[in-house]
């Protein structure tokens, strides 16, 4: 139980928020808006899972926002070239994976600090995309939106897809050796090496996998509207990192789990709409979100302090 | 004598290490110098009016705010920390300055002092959370990153803009003083002060110690917590200073001032060879790093390249410089596999 | 290693000195790099931000003008929302030595400091889209005053919901200057003319399509009897339309705003969006460059009453404003005639 | 039958450093083969080669009769090589059970994990070595020796044929050592070969069958322990005579320097500690690990400030809330964990030595490099620290010399009370002796010394008085002449003639 104290506290906070909404703004609970809210946040969840893996591995990837944009635009262009949807999907994932592979090889192979590497790649991809595309929206062909399904069907598909990814990953991290190896490497790479695990390979794989997830997320986002905004990834990295740490994953790696990340993301995702429903002025939003993040970590800091230095 | 052999082995080992250490320190900064020189040569040859005095001053003027932030960031990163909130704090301070001056009807100098105080307080807030609650700096400052920006927007509702500052104040950001941009002397003095602080005082020494090993520093009787608080406080103070100069340069203060500056500052710092894990790095390295980026941005404008190219090249430059010096290090140590893999030495 | 280094630096200094001279001699024109050929006028064209469809279509017009006039055109602008960037770019252009600058001003006072320097250096300054302080530019190419736009938007909104009911406003960002102005005039008009209409919320979308859509969705569920979305940012209109469509409230909730026909065509035709208001952006860019050229070559002087702009013909000049003409309302019937 | 392991003239260099210049070594089934040598003689490198962490530049490795050209950690593990490292190589964030499992299970990426099975196995292994903590504990909550036990459990579970123990008892107490040697014997019974590394000769003679001595990265001799005696062994190691005997105490006991009354610190888990330390006196602090000795030291030094009781310095009551205040009051602590707390490896010798005297050496905070260098050189000479110079990074020094730097830092503050926590742990015989003499010298100069040590002979040999701790408080104060038995009895809580 103690191990899960953080996840629980986040979940309780979320519960409190939802309860408060139920009392003061019942209008929040309407099927259709909630459905589209969930659908809109589904891609973020998938990306956040990728980020969680990276952070558990004691690395960080601040380039996923840029990766997201690149994947979205590429997916859009391919769809525009009338590729079949499955092909576009796999292409988007492949592109994401290869972008991740570049980060991975620089971090794991050359041993550069991940935050610096991904800072550099972030700037490069983002500006490069602007340079090539000038920020023009990509128009998608008819019938591409919602994967050609009916709207609600499409939304459900996206939500279920995201949840499946979450559940599978959570199980994978808990019950499959590979998952535990990620924890091991994040906890102490040298010890992992002595135990016969290859930290560099694991790290590399994690970056690639995270990239692939970002590619998937991008596709899930593209499928929700008839046009692609090349800036769609802006700020995604901060959003996901916030969700991950609020969800109780230690930034120093090796500790935390995906359920917490899920709770953290839900909390942050509901916050925005909640504020609107409670008629809070827009210009308070950033401040409130910031305080929520701080409160989450401060609350965590309390019991971490007793365990000596971090 | 005990362990004559031991001393023999160690002697060689030591020589290897010291030689390596020296040459490396030399290496990174010389790489940067080469890059800088190369940039300068290229733009001087290819660009129009790149080498004029005015332009040199432009480069200076445009990189003062980021330079200030980068200098403060250097101290922070030396302790193994990071401060993502400086950009937002710049915005908040700009707004505060405007409020003090226009709404509270304070004289400019008083507004400045108050703003500096506010900046220091905000930085101290970061520092306290980090040092006393032992929270990871990345997360704390990620939180304050949006908190400070949020407060700035809340104060002005986003719409309010402070303008019509007295010319005597705008002088600070727009005019020349002894032929130099007025903010240049401030920057130079601050840079000098930072260099002395980091390289010639016990304070700077203790920052490195903390960066290498916080616990070790604590056992050595270094007041780790107060030092850490001090560093973030300094960062806040610097952000406020940058905010004032920024306001003077633009002649207006608004909640969106300094968006994204934290990343520019960090880029300059790491490009300058400061280790993100703490302990290693130098102020002049940071200055070189910032200069390399500033010249690139400005020069590309003089060969008529759009800004996004500048951004792209900055990213590539960062990658090249880092992997370059890392690669040279590998060569020097001949793939000495006895040191643990990078992740193991990382303290987040 | 160090020897190489020093030699590099010396070489640098040498060339530096050389360039220094050539630069002084060639200030203003660009012979140094333009190579052989007649003295060419250089015009710099500054949008509020890069990667924005609105300014891209302005750029199209500017480009055509430049080709017709045979001038050299530089198009650059900020890629990040930092207001200081525009100043930086302008100041670089000053040292680069352009002949005229056509600028769309993100921050009136902010950019004015830079433009003032430009004029002091004898560079002609034309503002378009959003004006700077009057003393720092020769002419403002006035596509429509903020007041005109704000009123037009509000009138259109009122027409669609018979001057009563709730409506919500979606803006680009809390801080962008023009957004602030338009909001102001919309509110002003509402208070004056349509007291029965209630502005229930103003939400920023940080110029992100996805965020705009989420905001619209949330607003729809928060205010069940919302009758209309009014967006002052071009990407807000299609996003709001998409949100309305997904909520299945097409027709019941109207959508209007400033926007490009190209981005909104599909929704206008589907009847989700009723109308988008805009001027002919390409003409705006075209006119701005024409004016800049004329100003630089002395053809256009303060006090002129009319201005002949290439193939677009005569334009009225009121004071120091070159009037592009009234904003244009695109709807089902006419939207197909426009391809920008 | 062929030897379990055979190394023939193995060589290995790091950059310019030739760590191994040709080592030959063989291990028979069922024997304990002690590996001796001063720090820097190449023991650790040799181990890393056997475990496949490093690959040798030259020479051959033969395991169980088969020649192994390419040895990696994985292969080594398959071939039954297991190692207990000096600093336990564990995963702090993971549970004990998982730590053990990660060592035992295959490194195949995709196989399901059987949590209950992991837990039961861990519990069973922990029992076998008599460790009393739950397999669900996260390792970062365990103490150093507890972590050591986890390491041992791993090797036990691995069913290894070749077990390497690198200073396994460095931080273990007497009882734990007894327990351990029992474990080792078990292993040998089952036909396992044990490579045993230790600086404690008594252990070697008690446990080992054969011994190989390394010097300067070369194996200088191999032979049955029976045929050797301590001095001969030491001679082989250092190539000279060193007396293992402890220097006699000449100091006459002076005034009470520090005295604590009912001192307690809930964070450190100590309570009601009452102790006087006189000038010129060496007080040994004995007790089992976890008895609260290190915690007491940390409390006196202000790392974990006391929250009850009172503290007197020269009769005046003082408050110590931080290490700065401790230093100001003339209290110094040479911590146990040298690499993490004692020195800052990346920084220069000079910087390390002067770190605690910034105030005195650099008035007005300006670094005065010449003064610093002079100060450092003085200590380098006094303590005979072997380094290329004051600017060499401490990382480039041998363990013993690093320890001396750590001591030098605190001598520089010339404290009234010097607390030494395991001062000779992991230090080779020569340096050990020097440190002992140093302690005497300091005591003679009138410094009060409080020495924590798990090396019982050391405690008995060095101390004027011995304070024995148990359960977070002092249970007995014995005179230096008392026997090991008395001390252990007190530490274990048996009846003794203690006052």
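Labels for the chains are A, B, C and D, by order of writing; each one numbers its residues from 1.
Here is the rule we go by: a residue touches a chain if its C-beta (ideal position, glycine included) is under 8 Å from a C-beta of that chain, and two chains touch if they have at least 3 such contacts.
All of these numbers come straight from a predicted model, not from anything done at the bench.
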* Minimal path length between chain C and chain D through chains that touch? -> 2
* Identify the chains adjacent to both chain B and chain C in the sense defined at the top. => A
* Asked: Quick one: most central chain, C-alpha centroids?
  -> B
* To do: Considering only mean CA positions as chain centres, point out the chain farthest from chain C.
  => D
* **Comparison of A-C and A-B (more C-beta pairs in contact)** => A-B
* **Between chain A and chain B, centroid-to-centroid distance (C-alpha), Å** => 29
* How many Å are there between the centre of chain A and the centre of chain C, using C-alpha atoms for each centre? -> 34
* chain A to chain D: how many Å between their CA centres? -> 45
* Structure fact -> When centres are defined as mean Cα positions, the distance from chain B to chain D in whole Å is 41
* Residues of chain C touching at least two other chains -> 50, 79, 174, 204
* Asked: Listing for chain A: what residues touch at least two other chains?
  -> 127, 130, 186, 188, 190, 193, 253, 282-283
* When you check chain D against every other chain, which residues touch at least two of them? -> none
* Name the touching chain pairs, please: which are they? -> A-B, A-C, A-D, B-C, B-D
* Mind listing the chain C positions that touch chain B in their complex? => 1-2, 5, 8-9, 11-12, 15-16, 19-20, 23-24, 26-27, 30, 32-33, 50, 74-85, 87-89, 91-97, 107, 109-110, 112-113, 173-175, 177, 180, 183, 204
* Enumerate the contact residues on chain D facing chain B in the complex. => 14-19, 38-42, 48, 54, 215-217, 238-240, 242, 303, 322-324, 326-327, 333, 335, 340-347, 351-352, 355-356, 358, 362, 365-367, 386-388, 391-393, 395-398, 409, 428, 430-431, 434
* Structure fact -> Per the touch rule above, chain A residues touching chain C in the complex are 25, 27-28, 30, 32-33, 36-37, 40, 127, 130, 133-137, 151, 221, 225-227, 229-232, 234-235, 272-273, 276-277, 279, 282-283
* Asked: Tell me, which parts of chain A touch chain D in their complex?
  -> 174-178, 180-181, 183-184, 186-188, 190-197, 250, 253-255, 306-307
* Structure fact -> Within their complex, chain D touches chain A through residues 51, 53, 72-74, 77, 83, 85, 89-94, 98, 102-103, 105-113, 115, 140-141, 267
